[in-house]
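Only one structure is covered here, and it is reproduced in the block below.
In order of appearance the chains are A, B, C and D, and numbering begins at 1 in each one.
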Amino acid sequence: MMAAPFRTTRLVEFHDTDMAGIMHFASFFHYMESAEHELIRSTGFSVHSTFEGQTLSFPRVAVSCQFHSPARSEEVLDIAIRITRLGESSVTYDFEFTHEGRAVAQGEMTSVCCRIDPNQPLAAVPIPTEVAEKLKPYVV
Amino acid sequence: MMAAPFRTTRLVEFHDTDMAGIMHFASFFHYMESAEHELIRSTGFSVHSTFEGQTLSFPRVAVSCQFHSPARSEEVLDIAIRITRLGESSVTYDFEFTHEGRAVAQGEMTSVCCRIDPNQPLAAVPIPTEVAEKLKPYVV
Amino acid sequence: MMAAPFRTTRLVEFHDTDMAGIMHFASFFHYMESAEHELIRSTGFSVHSTFEGQTLSFPRVAVSCQFHSPARSEEVLDIAIRITRLGESSVTYDFEFTHEGRAVAQGEMTSVCCRIDPNQPLAAVPIPTEVAEKLKPYVV
Amino acid sequence: MMAAPFRTTRLVEFHDTDMAGIMHFASFFHYMESAEHELIRSTGFSVHSTFEGQTLSFPRVAVSCQFHSPARSEEVLDIAIRITRLGESSVTYDFEFTHEGRAVAQGEMTSVCCRIDPNQPLAAVPIPTEVAEKLKPYVV
């Protein structure tokens, strides 16, 4: 049985367009990130949180995107998120962007749960169990 | 014989950092694009130009980036660009970001030469011969 | 009688924060613009439209913002928009940002209705009557 | 005698343009900030530094910009910065953007020296004397 994806929408904002008249490709990563954070909020957590006295955040180790057709200002994009891999410290998300059924873009993002300490290098730590549990339903 | 890459540098700007204290991952794509455009300007052309009455631009069809270590505000990043594929209409660039010898990120971007007409869909067209000639020295 | 403002909300996105841990000041202008566009959409028009064969857009001639308290990632900002001046070609908006009743920022933006033609300079033109009519209820 | 302004340049980047074909107005604030930081670096300091064990940064309390003519992709903007007020904790900068002598924009930004502590509200503190001394030559 396939898990149902997490679904959200996003209106293409004017400031995300460029002089070619279309949404700038780099802004798709902003939209992916905000959709990822919405998914995490829906589980009752935040992407940048304090757990047992440690600040945790989810920097990315790898991202990619294929662009199938342009997105234009004020179009509403449908975004479907699936988790393609849930590791001990990392999560890999797949993002499918469509507009009225037309394929717009497909992205992938791998985020790693890290301890954030301004005086130390980033260090990967296990995803808190209660967060991982809430992500499982989206694992394909 | 390996072709020499095109080399440039980029200072990490404050507005490109995020609350985790490091450069936001999506901004690497802005830096890649600006480096790509600098390469194209160095050949005497522009990424968004008029050729024989047509407006040409280079939207992307695929991009990716792996992040090896964080970049921080006001660090100067060294960027080396190589062309890994030069097709009839498309160019694939490889971007290597380092800071004082430390690996920061490795990106890839495939851009397609397109005719831009506000009243028509994007259409791929051959890269003008004189531009393609100038890109060849960077092909690996 | 005071006109009721146009009201909307905006979640502070992670990519809009900076290494000081707060929303970057320049992103307030993105949020103002998106709120302005939402107001215009609510009237049945778009900020970048074709009227009688001309492409119209609303570039800004003056903007400002005062910052009263920081906005943080994932806070929901309440935005109230009032029109403080509706001229023949220009609109001046006042934006009030609050979070749970706390004053966050106050912005102002003057936009001018312009004909957009890639081959000609920007030229101010009267705001189409039907658009101006729909903006009047928000004039203070 | 008028103080000489601090001068720098900035190439308009493609990702800072929008579908109206011109540089997006909000990006002028990014360019102002980066120019401000370049001025501060030229004095031997950084906009986000540790002084006597405290992290200091310069959030803004007020910014504004008037736009005189559009800036376009790959134009080189000349930026002249003058300090119009140097207070105990705050600095007000004036930014003049020109392109080949043509007036493009004029901005103003007031930054306040603040102690940054993730666990406490922002608190204004005096600008370190050695920094203030280096800024004085740019006071009009």
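We take it that a residue touches a chain if its C-beta (ideal position, glycine included) is under 8 Å from a C-beta of that chain, and two chains touch if they have at least 3 such contacts.
What you see is a predicted model; the values in this text were computed from it and never measured.
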item	value
B-D against C-D, pair bridged by the larger set of C-beta contacts	C-D
Same-residue or different-residue interface between chain A and chain D, half as cut-off	same
Identity of the chain that, by mean CA position, is farthest from chain C	B
Chain A and chain D, separation of their C-alpha mean positions in angstrom	32
Centre-to-centre distance between chain D and chain B (centres being mean Cα positions), rounded to whole Å	27
Inter-chain centre distance, chain C versus chain D - centres from mean C-alpha coordinates, in Å	23
Contacts with 2+ other chains: residues of chain D	14-15, 19-22, 26, 30, 33, 48, 73, 118
Touching residues (chain side chain C, partner chain A) in the complex	13-15, 30, 33-34, 37, 41, 46-48, 73-74
Sites on chain B touched by chain C in the complex	14-15, 17-22, 24, 26, 55, 73, 118
Residues of chain C touching chain D in the complex	19-22, 25-27, 29-30, 33, 48, 57, 59-67, 70, 116, 118, 122
